[in-house]
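I'd like to ask you about the structure that follows.
Each chain carries a letter (A, B and C) given by its place in the written order, and its residues are counted from 1.
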Amino acid sequence: MIYAYAFVAIAACVGIERFHDRRVKIAIALALAAFLAIAPRFYGNEAVFSVLADAAVYVMLALGLNIVVGFAGLLDLGYAAFFAIGAYTYGMLASPQFGLHLPFWVLLFLAAALAALFGALLGAPTLRLHGDYLAIVTLGFGEIVPQIFQNLTKYTGGPNGIAALDVPTFFGHSFGASVMPYYYIALVGIVFALWISRNLRESRLGRAWMAIREDELAAKHAGIDVLRSKLAAFAIGASFSGIGGVLFAAKLALVSPDLFGFQVSVLIVSMLVLGGMGNIVGVVVGSLLLTIVNSALLPQINSLVDSTFHTTVDLSNIHFLIYGAILVGIMLFRPEGLLPNKERRAELHHAGEPEAEA
Amino acid sequence: MHEFLAQLANGVELGAIYALIALGYTLVYGILELINFAHGDVYTFGSFTALVVLVALRAANVLHGAGLILGIVAALVVAILACALLNAGIERLAYRRLRKAPRLAPLITAIGVSFMLENLIELWQGSAPVPFPNVIPNPELEIGALQIGVQQIVVVALAVVTMIALHYFVQRSRLGKAMRAVAQDRDAAALVGIDVDRTIAVTFLIAGALAGVAGFVGGVSFGSAWFLNGFGAGLRAFTAAVLGGIGNIAGAMLGGFLIGLLESFSTWFIGGQWSNVAVFSVLILVLVFRPSGLLGESLPEKV
Amino acid sequence: MSILDLVQVTKRFGALTAVSNVTVTVEEGAIFGIIGPNGAGKSTLFNLLTAIYRFDEGSIAIGGTSIAGLTTQRIAKLGVARTFQNLRLFGNASALANVMVGEHLLLRANVVDSLLDTARERRERAEAERRARELLRFVGIAGVDEQFARNLPYGTQRRLEIARALAARPRLLLLDEPAAGLNPSEKRDLLTLIRAIRDTGATVLLIEHDMGLVMNLCERIAVLDYGVKIAEGAPSEIREHPRVIEAYLGAPA
């Protein structure tokens, strides 16, 4: 069941990528959107849509990180920190923790703004750093944020986090226990994120990012304000993660510091690498594939192995082996990812050695 | 005063371990400009190989008298060899193809290797910390107001001896000179007849060997080994390397001891749960205000 | 009126004085050449003009505005654009996109316009694209628009870089060895192109090794040797100047 949805979505993405005619692309996208919106009335159950809703949140996160890594070329290894900030915004302001019960819809925007603010705060002093130094600083930030949430027990519930978060309402109708509202909200979120991503890629700012990614010094000579452009990438990327965090926390009705560690940051980087950094559709495919492998395929293989051989293997133990192998394998054998745009693939395979970064 | 001295000794002990790991980061960075993210996990692997050897020897009941010393040496040597080979193997399989790729590619690969190693070690030794055989007798010595364990002395002594040996190797030996030449200018080194691939492989062997020493020493010092140890220790050690000036051997040692002291005193003053925050804040501050580190030189951008 | 005034500019790297007490004035609308043997400090001088390096002494003014303390980006805003000795194109982007980046300062779209693809963003993009295609035609490489910069032949890349620099509509265009690596026929085309650029109203300042080209093209030439300006004048004066002959041919016979 879940594979049917994933297959349709991925097939549609490949179609969008391969057809040249703009009208065909739009037609496929609309058909996919209609299918994902209407099909739940006929096929599937809560469990399936729970996984798909999670997948959709990850797609949003990956699209956000793609702006930072794929567009602006800044490797951010602490992206989960902004996810945590979004989730805790909901956790602290829509729960018995402080007796504040701000509405879900307000918090979506607030979390986006807060995450963007923290993105800018982290970026302002550190974005002068280059390449792997920036990667390590963001990693450090990603380690500090959950730790702070863990340590400030008085405000954040400490290691146990905050439970019993408010159930969101929509014009007075409670979401109840159903996952469907989250599924639909996440779908809308993806459409929005895709639209923003496309706008940015074609925009003046998007060209400035391209220039910075390719040759920062030449970008400066074209009059581009490098620091401000990078800050914009950090803030916009972080805001996607903040929104994702609110959705995630509300659906789980729980936040705790161990949900936002380094593994989450690397998971999202893996999605980008798998799908093809910088390519919007590729990133969607990468994140769908990894989430499905994680939450559906592995458990199923697991139970298949167990029932066939009467064992109690736990394949969830090898998640990290799989992410790691994906990162290494893709970098060594298909550095452009599974679904790069055509030009990039042509260039990586025909132009000889990739150019060393300046 | 007692507490202060105890924390000081503690910090130096921690620092010795971080310094050994930091040297591995710095050697590899110096020669390839690569943050070998998997280095921390090589250290973990060292702890576990030493642990496995010691457990086997204890089961064979040979760990007494001269057998004890031989056993400890055997565990140390096995850890060194295993880590050296592992690290060189990683370079050969995962990094070599990417020498000319954009900088982020090998870093992402290194993160992938790190995840795989952590998972493999977990599959091998389980997800709970494993107690490290308590083989080195540990009577407390009193030197004035300072109480210090024999283990602590052994740990620090072993680390310092290793560092001195490394220093002489890099400064005096043919291979060491080749390493410095390749680090300065790979193409020029190749032109004067230095085998660059071999020199890089040797660098990874040595970095791995240092991680092996650190793994053994860390196991003795912490009394346990855990599959995720290398992540935290690796980040601290990397911070140490950056603090000292990455690529700079003396800097890595200095940075290691400073980070060890910072961790031990921050634990004392503000609590262990904040030590991560303290260490990473230092990392961020150093990178922002003095990215070349305490002993590093800053170079102008080339055009 | 002068567009560029260097007054007693000095730049040291440690014990080495790369540029020593150099005074040069470039008149608006000129084609001005800087020549000198390798290591004479020509590239350093360019790097001082775009704040890649900071000068230690003296003053530099562009269109009457001092550039002391200004960043590379601010200097670009004063109307300075340049090319590089070892091409610095955006290799993994199309030729068109390369030129459109050059137009960055002509556009007004802000972050919100970019996020929401507003009418202003779309209008500016269409205009920028049209101008970029025009520029590619102007420098003589029409038709490569969609190709990746790195896949273009060397001579085309050189022209593309000039197009990118021109896209900012600079008052002062700095060309760093534009003829390096070009064959004689390409050099002749370059000569025509640079004159055409000047005719659009820009001032051209160029560093060049090819003496024939410089003598043909420039109205005025300054000669650097070991960081010191040893001569300045019209090509005919430079050709006869004893110190120039000495610098190029070694000690006088």
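Heads up, the rule we're going with is that a contact is a pair of C-beta atoms (placed from the backbone, for glycine too) under 8 Å apart; a residue touches a chain by one contact, two chains touch by 3 or more.
Given the structure is predicted, the values throughout are model-derived calculations rather than measurements.
**Student:** So, comparing C-alpha centroids, which chain is the farthest one from subunit B?
**Tutor:** C
**Student:** Suppose every chain is reduced to the average of its Cα atoms; which one is closest to the average of all protein Cα atoms?
**Tutor:** The chain sitting closest to the overall C-alpha centre is A.
**Student:** What whole-Å value do you get for the distance between subunit A and subunit B if each is reduced to the mean of its CA atoms?
**Tutor:** A distance of 33 Å separates the two centres.
**Student:** Where the centres are mean C-alpha positions, what is the separation of subunit A from subunit C, in Å?
**Tutor:** 43
**Student:** So what's the Cα centroid distance for subunit B and subunit C, whole Å?
**Tutor:** Between these chains, centre-to-centre, one finds 49 Å.
**Student:** If a residue has to touch 2 or more other chains to count, which residues of subunit B qualify?
**Tutor:** Correct list: 301, 303.
**Student:** Quick check on subunit C: which residues sit in contact with 2+ other chains?
**Tutor:** Expected reply: 52, 84.
**Student:** Find every residue in subunit A that makes contact with two or more other chains and list them.
**Tutor:** In subunit A, 217, 355 touch at least two other chains.
**Student:** Touching subunit A in the complex: which residues of subunit B?
**Tutor:** Against subunit A, subunit B makes touches at 34-35, 94, 97-98, 100-109, 111-120, 122-123, 127, 231, 235, 238-239, 242, 273-274, 276-277, 280-281, 283-284, 287-288, 291, 301, 303.
**Student:** Using the touch definition from the top, list the residues of subunit A that touch subunit C in their complex.
**Tutor:** Touch residues, subunit A against subunit C: 196, 198-200, 202-208, 210-211, 214-215, 217-226, 232, 236, 343-344, 347, 351, 355, 358.
**Student:** So in the complex, which bits of subunit A are touching subunit B?
**Tutor:** Of all residues in subunit A, those touching subunit B are 75, 77, 125-126, 128-129, 131-133, 135-137, 139-141, 143-144, 147-148, 150-151, 217, 262, 266, 269, 273, 317-321, 323-329, 331-332, 335, 353-357.
**Student:** Note which residues of subunit C are touching subunit A in the complex, please.
**Tutor:** These residues of subunit C touch subunit A: 50, 52, 71-73, 76-77, 81-82, 84, 88-94, 97, 100-102, 104-105, 107, 109, 111, 113-117, 121, 124-125, 148, 150-151, 164, 168.
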